[in-house]
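Common to both upcoming complexes is chain A, partnered first by chain B, then by chain C.
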Partner chain A sequence: MRRILIASLILIASAIICLCLLTPAISAAAEREVRIADKAGDWGNPSPYLAYSRGPGYVRMHFIFDTLVWKNETTGPIPLLAEDWEYSPEEDVYVFNLAENAKWHDGEPVTADDVAFTIAYMKEHPYGWTVLDSVDRAEVIGPHTVKIYMSGPYAPFMEDIGGTMPILPEHIWKDVANPMDFVEAGAFIGCGPFKYADFSKEHGTYRYEAFDEYYLGRPIIDRLIYVKAGDPQMALQHGEVDFADVKPDMADTIGGLGFVVIEGPHYWNKNLMINHNREPLDNIVFRQALCYAINQSEFVDKSLRGHGKPASYGLISSESVWASPNVPDYPYNPDKAKEMISTLGYVWEDGVFTKDGKPLQLQVLVSMIGVGGQPTPDRDGEILKNQLEKVGIRIDLTSLDTKVVDTKVINWDFDLAISGHGGIGGDPKILYEKVVQVPGAKTSPNTARYNKSEELNELLDDLMHEMDPEKRLAAVHESQNVYARELPAISLYYPTWYYAYSPDAGVEWFYTTGGIAKGIPIPQNKIALIGDGAMSGEIAEATETTATETGTAAEATPIAPGLAVIAILTAFAIVQMKRSNRKP
Partner chain B sequence: MRNRTMKMVVAYLLTIFILLFLNFLLPRLLPGDAILAMYSGHETLMTEEMYAELVRMHGLDLPLHEQFFIYLTELAHGDLGYSYICHASTADLIMGALPWTLLLVGTSFILSAVAGIVLGVESSWRRGGRFDKTLLTFMLLLDGIPSLAIGITSLTVFCLYFGWFPSTGAMTPYSGAEGIEYIKDVLWHLVLPLATLTLSMIPGDYLLIRNSMLLTIREPYVLTARAKGIKNRRIKYLHAARNAILPFATRIGIRIAYLITGALFIETIFAYPGLGLLTYHAISNRDLPLMQGILTVSVILVLLINIVVDLMYKKIDPRVGYAY
Partner chain C sequence: MHIKPFQEFAKDKIGVAGLVLILFLFTTAILAPVIAPHDPWDYSASAFQPPSREHLLGTNDIGYDIFSELLWALRTSILFGIAVATITCTIGIVLGVSAALIGGMYDMIVMRLADALLAIPTIMVLILIAAYFKPSTTVLIIALSLVLWQTIARGMRAQTLSLKTKLYVKAAKNTGAPTSYIMYKHIMPELFPLYAMGFVTKARIAVFMEAGLSFLGIFDPTTKSLGIMMSYAMRYLDPCFGVWFNWLLPPVVALSLLIISLGLISYAIEEIFDPRLRRNNVTPI
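Moving on, here comes the complex of A and B:
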């Protein structure tokens, strides 16, 4: 009985193992296919209204839907659906000439009517990524020419609307009353380089197929797949995917293994929110003293282990094309900070500043901060506490849930709070959004709501409405300088993000200048997948070799471990059988 | 008898009600504005209108007791709510994840139970011997290692270093495999998470059975059985283990909650699309309806299994029936 039991157990175990042995490790198909790993997986259905309104959600959608203009690794805007365009300041209108050979994935031609329809539709059903208050209406003046009337000068138009608003097919969407409920096949018909093939919410996977009739030429790969991975970097190393984000500390190792590592531009800002309604933080001199007391490099060295860069005090990323060349700087100087604080009536007593017998004490709120959709624990609170205590400010460091910190900041119930946000590489409109409370919008915990400087307000107004590029650039530069002087919030540092891809897959990924669309800092621009004919020939060869290599590597999979496990099991069973007759 | 059944039914109903109430209340007690919390990570601008619309969609504008009433009514209709973050019905999301969890956790339940019982019985039978001592030390050691560590180590060794098994997911996405190939692919992906989960569960089962067996093998009836010359194997498994298994049944009842929580870490490491991962995402996104749905399903599941275990007790050990 016992032997039968053990024998059957071994049989079952061996059967399972044999099954595994035979698993031919389904290899990548011979077609040109690119697989991208992502930790979260599910970013919503890849349709404009259904994709989650976060960067990766937009990226999943942008392969299927094209906008009027686009950006690449140089400077934008570059033509996409619109071959050329013109702005007329007298009338305050934009005229776009569309590509005549553009087609929807269902074969219908793309016309000016679709663009006009999209604007009307999105005005009626607000689309999170583009606020169309600045657009009055669109008029069709030819089968492929559309005229967009503005309701007032709006300088960020090209990036904010032209380069972000996905064009919808009128023949499908005209009957859709509630876009949030529209999940039928039509919701995935766009005119972009890739056709929607599949999305699995539960597995967090996406599949796109190349669109043969794409107006800029067929994409250089046949299939694009997004895969959810517990550890994207491991999936890349293991050959399961061709593209993944990598941990900063591992970037060199990964580069040494033959992968191409892309080092991100610095478009994300860790900053210190300041309650400028409270004493002494309402004083500009005190805020400037804080800057002198803060050693940005120490944050980069300790918190990011060197994988980052000290931030510009003018909010806009120092790597942005909009960065001002002469933003006021506050080099680390604790003595100067102390000197400035003492001018405010504070007295130095036993290492702490006091006023009227009360010590100078501030509370700093810290929490897990979502960086690129991933919650990241705070490492900066302690560093900040040390730095500020050196200049005689007593710090009460309080760690709370992110949402609680957000609520406290929104309700002005804080002194200082460590926070962070992206978008500092795209259109300088971010300056306006992060300083002033945008009318009609819900208060964001990252907005300083600073209204004390007339000069800054005027400059921000110019920044939003000045249509002359040179004058606008001047306003953008000057507003950064004033921002760095007034300090509605203090920028601390920019973390460096790393992505890596396998060069064998034949796609050269790159970071988009200013970020994809409104400033998404993910190096997955569809332009990388659209190449000219000559280029795709080379790639075809390169990829075929990879596919074969993957195949052979995969076939040799789990034979060795399987045999080992069988051997161990058998040995164990034999020992057991011999022992089974012994008395306890 | 009827009285007793009535009492049991009332007790279970009351438990369900209290749990559902907590289930409803707890997510709402989370600090911060629920809507802002849910959408704070979004990069788009939220207008006052959108905010008001979201509050209305989630029914958060109603007084608490009305919200609870609506929740109960919807639940009675089998409606677990709608996740606005995922744009999908909560029931669909849970049903999508449940089969994978059942495959992973269910299989490892069975494997670890069989291994735990066999090893525990054999070990206690040879108590004090070399086999027992080695196994006990090994099991205590294994018990001390968190499943997280086992998972990461096995990933590093078997996936990254040797490259034998895939690192992620429950199958190769879009491989085009069908039939037997598909099953093989799924099993191949199952190996590492299953081994990790099973390894982390065996020590508990083993220790429980071993200790429980140590008590039963001292019973006079075991001595009698041996005196009668019954084969050891029969005494071990039919006389002693049969009586030692009762605490194990209790453990199964308790551990059913593991279906959801226990595999959370392992599902996250291996990106296995089960309920654990779904729960993790629901919590990190503050997806109120989804969180509530998963909790409701798990509450009902745990209670159902407990009823089954309650009934099973009487089958496993008739003495329980006399206790009333």
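Moving on, here comes the complex of A and C:
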């Protein structure tokens, strides 16, 4: 009896070993999964109102929710939910024709009513990424045609609203009174290429499943997963993820290991906020002297070790299509800076400028804010202090919590503050947003709130409302020139970002032109996961190759030795049973 | 006092080891401006240079000479430790002894305040102060001293209460000696072991706190500090940089040695003044 029991246990063990050996082979062959590493992990629930209002939060949400139009690697706007559109200057309306086969993840069709509803809903419940003051109303003129009436000319409409506003399903959201509290399953029903599967705030993980009935075709992968990794680059090297950001100094090493390294465009700006309400910073000559005293190249060489480039003083990225060709420049010239400061009544005494016996002293606030909002200490404060002290300005460098620095800047309780923001590669509306406080919008610590130049105000007004492309471009160029002369804030440098992905995963990631939506400089555009155009052929081909390779790899898994072990165990079990039967 | 503390200390190997170590570190820190081969704020050298004759521990990410930075960082830590320990002990002694001698409502208020401070996690208070106010070194020294005095005050009060009942104190009182005389002549000298131990213990805590706060990045960024050095070095731990042994290890070792030396001294002092802890203790019959 005991031997029968032993024999049975051995047989069960054999069966379990057999299953364990076969399962990975089966799953590897059947599923295509992409895993992305992220250091922070939690960016909020992937629903429009619940995702954190930072770039990574929007990116987590954009896989589930589609907008009317979109951008890819080279151009924008391109059709997404809207197949085509038209702008009528006479009526000041946009007409959008939607994809007729688009469906929500619960199977309901996407109609023009949903678009009209979204606009009405977001006007009533403001959504952080899009301000709809420029839109009057939306009218449904067919099951898949919607007409959007503007309240006045608004030049950034296509990128700012058309390409950023996620469309909500009316049949779910019509009963939602407070969107910030809506965390039911319906909050994650969109019409994007991926369905929501899981989100863990504690673990900082996201899981999405491909939406089979997506109107642009099923995504080329089955599952997309975000995992929280203390060191994303290590996770990539160990094969735990397929895509991660890499440290600039490590980019070449990672490239040498067979990963594809993508170098980002310079759409993020490290800048120096200025309190232009305080003496002597209220003087335009003093601000220009600061520029001559600042050596941008030294920031790039020392703080970034060459992985970046000096910024344009006109705010818009020098790599943007909107960049002005003749922005005033301030080449490093400490002597000229000293000369300019001395014209303001300051006297040079023992290496420091003084006025009325008081030394020229400024406080510089620094915080832990780093590239892309990630908290990293940097050397910028030390370098700035060194450079400004060389021209006789005594610097009191103060390191505070990011939120405290933001609050002090918003309350004008500062002299200079080192800060940073993105969006300088997208629509030039950023110039307006970073100079003027948009009425009704929350005060941003990166907005200079500068209204001392009538000329700049008029140009910014043209930039926002000029619908003629050529005239608008001229206004954008001139705005940058005046900005660089007035200097509401001083741009320091653009860091270079590097991401790396494994080519085996079959996805070719890219940086979106002007950044995702309103200018998010993260190379995780959902278009890379959708098979469309010539690129999709290559991707599909690459994916097939990968699948075949995976299959081969699965075949190569050590099943043969496993089977040998099972055979031995089974034989042993049979012998045991026979011996047990022999006994009376 | 029936113990000859200096002779006893000289016999204690652990204490002597700690003292030698702390004297070495102390001398190095004092002589930092002379010994340091480079200006620790000069970043003109190229980044990530390996150790060489020119740069004994190489250079860091921005081009600072790591050896010079280490010497100046040690100076900050020691200065911070001594300053905090001095202020803390002064507050603790004054409040503890006066509470015991004056008694009544004053005693109750001081002791309840000490109890309340004991319940507050020090590091949290410091992080809050550092995050919301300008965290200059002086501000942090004062802030830390204001939250660390309570254990010293309690010890001082207990010992003073015990001394008050001694016959010679009563005798002095009966002969008409004023309280200040009794305090100065009879009480304060008897409290010496508590000062010494309190000073060393608080210095150790302060050194550790300073390194911790600067590691978290809420300290004056231009000050040279062991914590700031570690914080930056931790960002370049990847083997490709190969800087952990010449950049991360030196501040870690320096901080460890500093804390260990203070710990050894504290241990030796405690052993000298507390007969129960002596290893060669022979209980008299």
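Here, the second predicted complex is superposed on the first by the 497 of 584 C-alpha atoms of A that agree within 3 Å, B and C clash if a C-alpha of one lies under 4 Å from a C-alpha of the other, contacts with A are read in each partner's own complex, and residues count from 1 in each chain.
In this section, a residue touches a chain if its C-beta (ideal position, glycine included) is under 8 Å from a C-beta of that chain, and two chains touch if they have at least 3 such contacts.
Every value quoted in this text rests on a predicted model; they were computed, and no experiment measured them.
In the superposed pair of complexes, A:P79 makes contact with neither chain B nor chain C. Residue by residue along chain A, chain B and chain C are tallied for touches, and B comes out ahead. Within the superposed three-chain model, A:K201 lies in touch with chain B and out of touch with chain C [touch as defined at top].
After overlaying the two complexes on the shared chain, residue contacts for A:H238 are found with chain B alone; chain C is out of touch.
Of the two partner chains placed by superposition, only chain C is touched by A:V366; chain B is not. Using the contact criterion defined above for the overlaid structures, shared-chain residue A:G381 touches chain C, although it does not reach chain B.
In the superposition on chain A, A:D249 makes contact with chain C only, not with chain B. Using the contact criterion defined above for the overlaid structures, shared-chain residue A:S303 touches chain C, although it does not reach chain B. In the superposed model, A:T398 makes contact with chain C only, not with chain B. When both complexes are aligned on chain A by C-alpha atoms, chain A residues 401, 404 touch chain B in the first and chain C in the second. Residues 30-33, 36-37, 39-51, 85-88, 93, 96-97, 100, 114, 122, 125-127, 131, 155, 158-160, 162-177, 181, 184-185, 187-188, 191, 232-234, 268-273, 281, 284, 286 of chain B are the ones touching chain A in the complex.
Of all the residues in chain A, the ones that touch chain B in their complex are 1-2, 9, 16, 19-20, 22-26, 29, 37, 39-42, 44-45, 50, 52-55, 126, 128-129, 131, 180, 183, 198, 200-205, 207, 223, 225, 227-231, 234-235, 237-240, 370, 373, 375, 401-404, 406-407, 410, 422-423, 433, 438, 440-442, 444-445, 518, 520, 553, 557-558, 560-561, 576, 579-580, 583-584.
Interface residues of chain C, counted against chain A in their complex, comprise 41, 43, 47, 61-63, 131-132, 134-135, 217-222, 231-232, 235-236, 238, 240-241. Within the complex formed with chain C, the chain A residues making contact are 233, 247, 249-250, 253, 302-303, 305, 366, 368, 376-377, 379, 381-383, 385-386, 397-401, 404.
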